[in-house]
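Order of writing sets the chain letters: A, B, C and D. Residues in each chain are counted from 1.
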């Protein structure tokens, strides 16, 4: 049985997911495309999905009877209405991050899904599908004892001038926010932001680097260095300190070379290469669950929790290192 | 367009490839199955390919009009006739190693394919598709300068008593034989085998470990430790020494842990886990080329060259460290 | 010319330094010993320095004309008076940490030395002499660009019940406090302490682990994990993030082993083994400078700065993560 | 008690050992110097040993009553007569490699020492004192099980045109020859040399690289890559494969850096830096044993065994990969 998928938003990521569904993964086909700029949809149709039908609007695509499941890869501000429409139509929907541009928006999706009574939404937090994080989680669950501390870094070579201080949370650290909740099976209770001096390569509207400190309900203290103009590469580090020992996120596979009086290996510079394999795995997971009529993986609730946490981090950015409380309502049974 | 594949041989590897084609990879479906023991075919049909038809013989399956391409995953001795039948039928065929049980058999396949005038055969030398070897090849091609030496090891925790000295070549080192021809873009001219004392865990009919030394047409000297009772794990090592530097095969991804006064990471023990990702990639390559009516990747000629080299290594096992010459006929233009 | 040294305090460290001066290093001999418990002095005399004379008090030893230079390795509370006496006598003095048990005491030593007009005191901060930290400093000075962040950890397998929360600063983190001032060539302006939940192996009077955050005058933000019941080993980590890249403190030399499905190497468990080679180097430095009539290396001022910083860290331990200011008087020209 | 040492040969190594004895190590002083070119002796006297007396000949220095022990650091061809003279005088003697320029010469020293009835000679095979090899030996003795294979490499960035094929054995591999006898506690029974094509940077009188294969009495097979124009650095590799696992020689301590899209660390380029710390340790060992009137560490017998083995390797260089037998006479009880 083949899952018929409609893709809303045919920019870079929508195009790449369509290629993935058509050329890489078993079990699904893209039967419908839509984009606010129809030329984008036509381009994707031509290159990857000649049999797909193009719809004028996302709403029409969602309503189309041949569409079994929906991918929302459009502009962030449109995610909420499309996801709500898919839930209303009872169709599984994979939504790229952010689930909504506000915590309230994400909350509305949670409520709609709870009312529907069944999980339909998967959020595109792909790190949970990365082989490295999965191996780290296994090491933490089996070997290090209960976690006490997490030391992490999210480094990116450079950002443009338009990238501002809050974007370090909403666009960059959002991945750590989600993946550590999953890794630790825990929730956040407070956030704090500390600043060193600004890096010379930073910009006028950007404090860079920053150290975000999160505290969890179980008492784990997490420090995350966010450094988006680190210059040398795209580098993701994570070390978990537990009762019995320490485990670290694996480095990407590299060839060790000995050249010119240096032992050396390559560091990635483009974020798109770092977790590229996990996109295949997350969509494969979506195909499996959607074919069975539901959803699995990162949920609406996870998207909502990430949004609430991000808001607290941004609030903390404007204090002098003070802790900002993070409180979530009771978790609905659907997400137990 | 979906490629219709028939699978001959429904044992462990045929079953796994069918799963891969049905559940993991895009672009193909298994429409026909055959096994000398029909219950095996029925089991695979039930678990992974309910719509596939079961044929009494591999020959009938090859002849079936709905079958576009063939996978030969049956018992080694049957590979040659099935591959020859597929060539005769003009159908692309993926054949697990060995291509044939003798060099002469592999030669007959080369001749049949040359006569047909177009590549149809891909041999299942999956290491060429491993991300680690691909990265190593890139490092050698771009950074180390022309290769001069290769140091390698193929270690396996244990083998049963039935495993004899020549099997160390035909079943184990055969992978190094193929992958180094590809890595170096070179051919072998001689083989030599040197023995240390036998390992305590070896058996009466097995010299273990052995060091096989190959020399190439370009003058590269390759030493390969084959140690199939090394006890500690399944471990594949390869270091290339070139004019300007050295590059090493990456280790499999692991979590670095600090526990009980030890810094440690896991070493695999089951060979099936070591190159598991490359099976997906090699079959994806087959699907692409077969859909276009041909074949790519490791060729009949590569299978033949591996068989000739393996025979020389086995001959060298019975000498006192003397070099045994390896000579191939002129390479047909089809494989240039 | 041989430097005649008198050693005050013949416990574990005094005994070890005497062995070092008598049996390992060139250029010095121990001619005088003293200990509050004379049997200790006699034991050291018998084992390592048969020609040394035993003095009833440290003051007498300092005054003895054959003593050119003094090692103070007695109980911490006695350091200040002995160092002051050595300065009064115009004799070079090596003092183990702490220079004094209070910042005020260290200040009095600074003032006495400034009044004397010449450096006579070297404090036993041995990490500055460790080959790993020296290599890290060179990497930071030459390659990483100006430092922005430091991530560090000081982990110890276990401490007894008598070890309390402030001791994590005075006895453990004191080494980081000194070595980072030297590594960064900078001074601290504030300290902050953050706590995760207590580790299960911690004690009633000990918050463990803790994360101490220091801010420097140049704007570097330093986070130091202090975990004295980490169980798995004695492990010192330090990573410096600069404008252009990152450099890490080398791990101690270890043999990489592959055994029992694990790649592994040994982690030290006894702190005395971690910087053992640097004791030779620091005393060699002392011999050289003292032979020339003065002192080099970690100064009284460094000891005073460490004491002031430690007091601020301890004050910060009793707040809820608030920053405590660190202010030093103007640095005397003697320590420029 | 201070050991009075006379140094014969005041070139680079004699000068450095004099500095070591005068400025670094406890327990010895240089009281006599000699050099075929007296200006060399005067230079060393002036820089490091102002109280040393200069002798016109090595023989006179050996005979001088104030000289307790002798260092022979003169031109290789003079080692044998000086060592024989020291033995005749009953004085402990440290002799830099080679002990003699021929196996017969080394044999004469062995016989003289046996006749004297007590060990007096230490040969300057410093690798036995290197912390890395010591740690490797401990790992092999305790963890890997009995050795079966050794894979090694001795790489040097470049050699001048005057360096010929046999020098790869006598000047370069001589260190591996000695250190593996010690590491394995074994003797060699055969040698074989295999050549790849010549490296582009090699010279007309030099086959480079070469792979030397040694077989031991206990059946261990050792392969050593000797590559003296490897260009990228001075790099010493050694991996021991035992019944239960594998252990590797530690890399020199380095700072791991992340810079310019590369993870990197420095590789040494000057052989003098690689084992620099072991010179201190070997001389410290000599001082201890010589003060007690004897010698320890690498013996005359070890020097003789190395010379016999080196001759066999050079003989093997002229064959087509054939094994050349290595036979030693019965080991005298003095060297048990």
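FYI, a residue touches a chain if its C-beta (ideal position, glycine included) is under 8 Å from a C-beta of that chain, and two chains touch if they have at least 3 such contacts.
These numbers come from a predicted model, not from an experiment.
Chains compared, chain A against chain D: the Cα-based superposition rotates one onto the other by 180 degrees, nearest 5. Taking the CA centroid of chain A as reference, the farthest chain centroid is that of D.
Separation between the centroids of chain A and chain D, computed from CA atoms only, is 59 Å. Separating the centre of chain B from that of chain D, both taken as means of CA atoms, is a distance of 45 Å. Here the spacing of chain A and chain B, counted between their Cα centres, is 38 Å. The set of chain D residues touching two or more other chains comprises 232, 235, 244-246, 254, 258-260. Those residues of chain B whose C-beta lies close enough to touch chain C in the complex are 232-233, 235, 251, 254, 258-269.
Those residues of chain C that touch chain D in the shared complex are 21-27, 131-132, 135-136, 138-139, 143-144, 244-250, 253-260, 284. Contact residues on chain D toward chain B in their complex (touch as defined above): 145-146, 148-149, 151, 153, 192, 194-197, 199-201, 209, 211, 213, 215, 218-221, 223, 225, 227, 230-232, 235, 241, 243-246, 320-321, 323.
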